[in-house]
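Labels run A, B, C, D and E following the written order; every chain starts at residue 1.
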Amino acid sequence: MGLGRLFTSHPVAARVVSLGLFFLVWEIAGRVPISYAFPTFLDTFYAFGAMLLDGSLFVAYGSTLQPLIIGIVISAVVGVGLGIVMGLSRKAEWLVAPLFIVLQSAPMAALIPLITFVYGIGLLAKTLAVIMLALPVIVLNGYKAVRNANPSLVAMCRSFQGTRMQQITKIIIPDASPVIFAGLRLGLAAGFIGVILAELLITPTGIGDLITYHRSVANYAEMYAAVVSIILVSTLTLAALEAFEIRVLRPEKKRG
Amino acid sequence: MTAPSASILGVPHAESDIAVEVRSICKYYSEVEALRMIDLDFPRGKLTTLLGPSGCGKTTLLKIIAGLVEPTSGEVRVNGKAVTGPGPERAFVFQDFALMPWATVMRNVAFGLELKGMGKAERQSIARHYISEVGLTGFEEKYPHELSGGMRQRVGLARAFAVDAEVLLLDEPFSAVDEQNRRKFQEDLLQLVEKERKTFIFVTHSIEEAVYVSDRIVLLSRRPSRVAQIIEPKIDRTASPDAIRRDQGYLDTVEEIWQGLKHYVD
Amino acid sequence: MTLYGYRVPMMASLLVWCLVWELVGQSGLMFLVPPLSSVLVAGVAMVQTGTWQSAAWVTLHSFVIGMALAIVVGISLGVLMGRFRAVDELFSIWVNIFVSAPLSALVPVLMILFGIGETTVIVTVFLFAVWIIVLDTRAGIQHVPSSLIEMGRCYGASPFALYGKIVLLAALPEILAGIRLGLVRGVKGVVIGQLLVAIIGYGELFELYSRSFDMENFWALTIILFAAAMLMSAAIEYIEKKVDYYAGVR
Amino acid sequence: AKVRVAFGDIPSVESLHLLTAFERAKEKGVDIEVTYLKSEDIAAQAVVGGQADIGVGGPYALVQKVKAPIRMFMQLSTLRFYPAVNGEFYKTWKDLNGQEVAVHSRGSGTEAIMKLMEQRQGIKFSKISYIPGAEVRTGALLQGNVKATIVDSSGRRLLETQAPGKFIILPLEGVNATDEALFANTNFLEKNAQDVDKIVEAILSTWREVTANPAVVSEWRAKYKLLPDLPAAQVNDIGPYFEELAKGKAFPLNGGGAAAAKDDFAFYTLSGQLTGEPASLKVEDFWDTRPLDRVLAKIGTM
Amino acid sequence: MTAPSASILGVPHAESDIAVEVRSICKYYSEVEALRMIDLDFPRGKLTTLLGPSGCGKTTLLKIIAGLVEPTSGEVRVNGKAVTGPGPERAFVFQDFALMPWATVMRNVAFGLELKGMGKAERQSIARHYISEVGLTGFEEKYPHELSGGMRQRVGLARAFAVDAEVLLLDEPFSAVDEQNRRKFQEDLLQLVEKERKTFIFVTHSIEEAVYVSDRIVLLSRRPSRVAQIIEPKIDRTASPDAIRRDQGYLDTVEEIWQGLKHYVD
């Protein structure tokens, strides 16, 4: 419990200790080595540095992030719109919600290889993979958020003779925005999975190519660096999005 | 120090004196009969309390008057005009405050005016007046989560005052406020009633609170709810709060109501 | 939705979508989309083949083992994190990273640690499912009303009784929700594991049918998989409802 | 002990002869367990990592790079690919100058072939893109999503049956490099010489039989109950497929060995998989020819 | 009808009459000083109430007595024996009831006995006795969510009675119960105190409630909390509830406490 107290007073300490322990175990496992194909942490770290310096990481991320961003933007616009419509209209809910419930809990990964047959291997195919995985969760979150907007706030707005439009723009959407935003974050996480799957399964480009290529030529340190980098990038992106959400969407949470 | 006079339902008042008339209201929630043939008059400028056992339909009746809930049959008239929905002459104060968490106290108080399309400067000056009236000057730029329960309810009250409705509908406004603050708030409310000269319709669970603040108390029976009794506590409101609370009339009225409600309690 | 006064169950709209599918299929616009009816016919034939049965068996086997591990580890770690600050601080960064990280990128390196073939698939299922179970269990444990724990202590509960009779039961709704979400992710994991590393079971069939453009069988496979995922999640949801009923207002 | 084989593809018509050979080795008492992996490089990784004993693939680049002592010990096939272009757009190699072509993956044999042809034809592709799976590339070609790519023999036949005359197969000469070989850790080869010999012998005899009589593959499929639920269309494909390969002498009847290694050095240095002068590369750094030598001594060369 | 006598802290009682002794208790929550040098005696068989402003440390003190919270310094003795943790001679009744939602009323009430390893038949017969004592006969097989707040708290009380502890610690037991049920419950509690002859230590926010139910009221000051005053309302408990509530002594005591606490309220 002494450790617990240290961590409580210094939350950063916990993370540093936790990360440090992990890297140490990795380094040791790599030195044993548990496998010829398992690089040490330091090798991986150097490989990461080298890939940064020779620019291959930047090129790869350029190719990976482009479809991701396009796909997320499309999913966000379509998904939030559709979610709000479903939240407001029982008929739309009835027709569309079950479809997305199925898509959300289904292993869409199985369908990704099909994309190539119709949409080839270009940007379009990767963007589509992102949308396939990201859209359902964004739609469903938007829909649930709107459907569950605080009824007492809605009644308050009605009692002050707010119009339906005012109700939607001034109460329902602001009230739903944190959940909608959480949906966008989940959608982004799913989008990362989608673009990686597309690059691993159908079109080895970007970061997926770095992984497969370095594996095929046995540059395991580079391969691991690529894998770690994508996890790092997605984690940091999601954290940044969350920080943005708190700062911009919910001023009241900033101080409290 | 006079004894309370229990007047029987339907005692006629001078027409212009009645702000709100409730006529033959019945309300079913699918199979559940919540209200059965409610007929009531709410005199202008008075505070009338609806009191009754839990789940008897007090909130339902208040929302029907507010135009937020449709009655199954019957009609509500405000100033002689039938109610078809929420209207500018009525304002609701919600039990859970219904404050927008993303908006400051200022924006919350001015919200009714914002919905009406009033310009920012004008509505803020009105809001500022009522914020000061409920004693929250200095808190304009705070967010609801930075306030205590009692302060939040004051914001809800100021918002209702700001739209300058004649009839204020309050659904258990103090139930989320702790005991000692609640007592303070009751005293403040009496002053506001005095000052604002509006028609208040008030729902509470607390007998003492009802007797302490009301001009008239409507006792509702268990579901399906009907008007069981109407009591007009004759209490000298000019006396100090302390004196009121040990007024024999006050104590008798509390006791009378308690005896009437006791058998509803499980 | 209500139609002429009747409540039409929500899932009924899937029938509308099935009809749309059939029409698109009949029109022959996309070779990827054969008519639903012919998919169903192919599906009936497919499930009778030994290949499908053994693929389903292999898949189910990896899935069940991976999920069982994920549930045991997830609940244990979740309980530890919920109860002990130090454990929580030590693991929370990893749990929070992995619960939303693109684990598919990690799958290719897993086999170095965990072997090839079924093991990797099992580990993939485990990795996809475990984090959400940890997080939900942890939340459940942390939300056990402290008064319930104090009540147990007051009446002299041993630590064992405290967990067995109070804490785990009180956290059950959250734990079940975690398991339901974990199941959904686990199904994704079994497919991704079988597609990305070891081409066995369902993954092998997906690859086989899509390579040979056998779209009827491909979609039949997909429908069965989707239905299985939905059914499992619905089953847990049903249990959740029952538990919620007993848990009443928490 | 169990011999764990990592195979970087799904079992299909094209691997029926290899599956048969494994069955025969099992009959000889070698306990073989095959795992089907997503791709060749995962299979290679499995062998490097000690997760598998024998891998299937062409791991020249890997052997040159990795510290693990991996050696090939028998060639299974040579590259049999067909550069195919959409006749509406291209007719000859020269037409591909400045155009985009699609190959299997970075560092694959298909890429090596296309790079080799770039040099030989004196052209330059604008871009090489990667589409794993010959079937997928064939489909993409048929769908019009790519205009120039390289397919395998069943892809070529599919193109010919689905859209006769629409696609042109460009000529390809003098490419005879290893496509797939068996490889393993030296340690494994050392300790399990008997099992390895049995496997090599089973494969060589199978390869010789199938070359002599391609039709026998269907019988083997029935005998060993291989791929029981193969769709009818693919069952019909078995005959022509092996017929064509046998005619083209595609099955290395002597298991490759040093001669094959020399060819590969030339090809893969040219295509960039291997670095260094072909002449300076040593066979023993890449191959362990002893199992093959022993078996050939026993059953004779052809 | 006698005036309340405010006795000064430390008036000695006959030794055997003291069930719980609190000696020099201080409590810090890291930097926050919640309690400062509390010395108190709780007489056997009486109901003593802890009253004080919100956040002053009433719950903390009660939990220290229960053995659920460690004091920073000082000691609690029950029947002369120092407290080191929870013990069978003390039972706690929780503000939020702390009922297990998945267990029936019967299992909840018998839970303390179940933890002691008592056989099913025996513990159920004991539980049945106390279920009837709190007036819940017929509800044995119900689940907590099927009961009203007042009924749930009765379950909590029955559970505490069932383990037959001498000292019952009640932390705002009625605050989650609605006004009217609360009133009923207060009357019932007085009967139970009478009947069970146990030592009750009671925390509440409500002055009326404190005065109505207590033999002794300990007023705590604002944080860091100290004993501000001890009041012993001299009220004739044999009178009817109505009579008690209009007893002048009662009203004077309420007023006296209210004046004392008023300046703590915002």
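In the analysis below, contacts are C-beta pairs under 8 Å (C-beta built on N, C-alpha and C of every residue); 3 or more make two chains touch, one makes a residue touch a chain.
The chain list, named the UniProt way, goes like this: A, C = ABC transporter permease; B, E = ABC transporter.
Predicted, not measured: the structure shown is a model, and the values here were computed from it.
Chains that count as touching both chain A (ABC transporter permease) and chain B (ABC transporter), per the definition above, do not exist in this structure. Shared contact partners of chain C (ABC transporter permease) and chain D, listed by label: A.
Comparing the CA-atom centres of all chains against that of chain A (ABC transporter permease), the greatest distance is found for E.
Of the two chain pairs shown, A-C and A-D, the one joined by more C-beta contacts is A-C.
Chain B (ABC transporter) maps onto chain E (ABC transporter) through a rotation of 175°, based on Cα atoms and reported in steps of 5. In terms of their C-alpha centroids, the spacing between chain A (ABC transporter permease) and chain D amounts to 38 Å.
Note: centroid distance chain B (ABC transporter) to chain E (ABC transporter), computed from Cα atoms, is 34 Å. The distance from the centre of chain B (ABC transporter) to the centre of chain C (ABC transporter permease), with each centre set as the mean of the Cα atoms, comes to 50 Å. A separation of 84 Å divides the Cα centre of chain D from that of chain E (ABC transporter). Under the contact definition stated at the top, the residues of chain C (ABC transporter permease) that touch 2 or more other chains are 108, 112, 195-196, 207, 213. Each of the following residues of chain D touches two or more other chains: 42, 45, 49, 51, 136, 139.
Of all possible chain pairs, those that touch are A-B, A-C, A-D, B-E, C-D, C-E.
The touching residues of chain A (ABC transporter permease), when paired with chain D in their complex, are 35-38, 113, 116-121, 201-205, 209, 212-213, 215-220. Across the interface of their complex, chain B (ABC transporter) is touched by residues 53-54, 148, 150-151, 178-181, 183-184, 205-208, 242, 245-246, 251, 254-255, 258, 261, 264-266 of chain E (ABC transporter). Taken together, the chain E (ABC transporter) residues at the contact with chain C (ABC transporter permease) in this complex read 63, 66, 68, 85-86, 88, 90-92, 94-98, 100-102, 111-112, 114-116, 143-146, 159, 163. Considering their complex, residues 145, 147-148, 150-158, 161, 165-166, 169-170, 172, 243, 246-250 of chain C (ABC transporter permease) touch chain E (ABC transporter). Interface residues of chain D, counted against chain C (ABC transporter permease) in their complex, comprise 4, 6, 9-12, 35-38, 42, 45-46, 49, 51-52, 133, 135-136, 139, 228-229, 231, 233-234.
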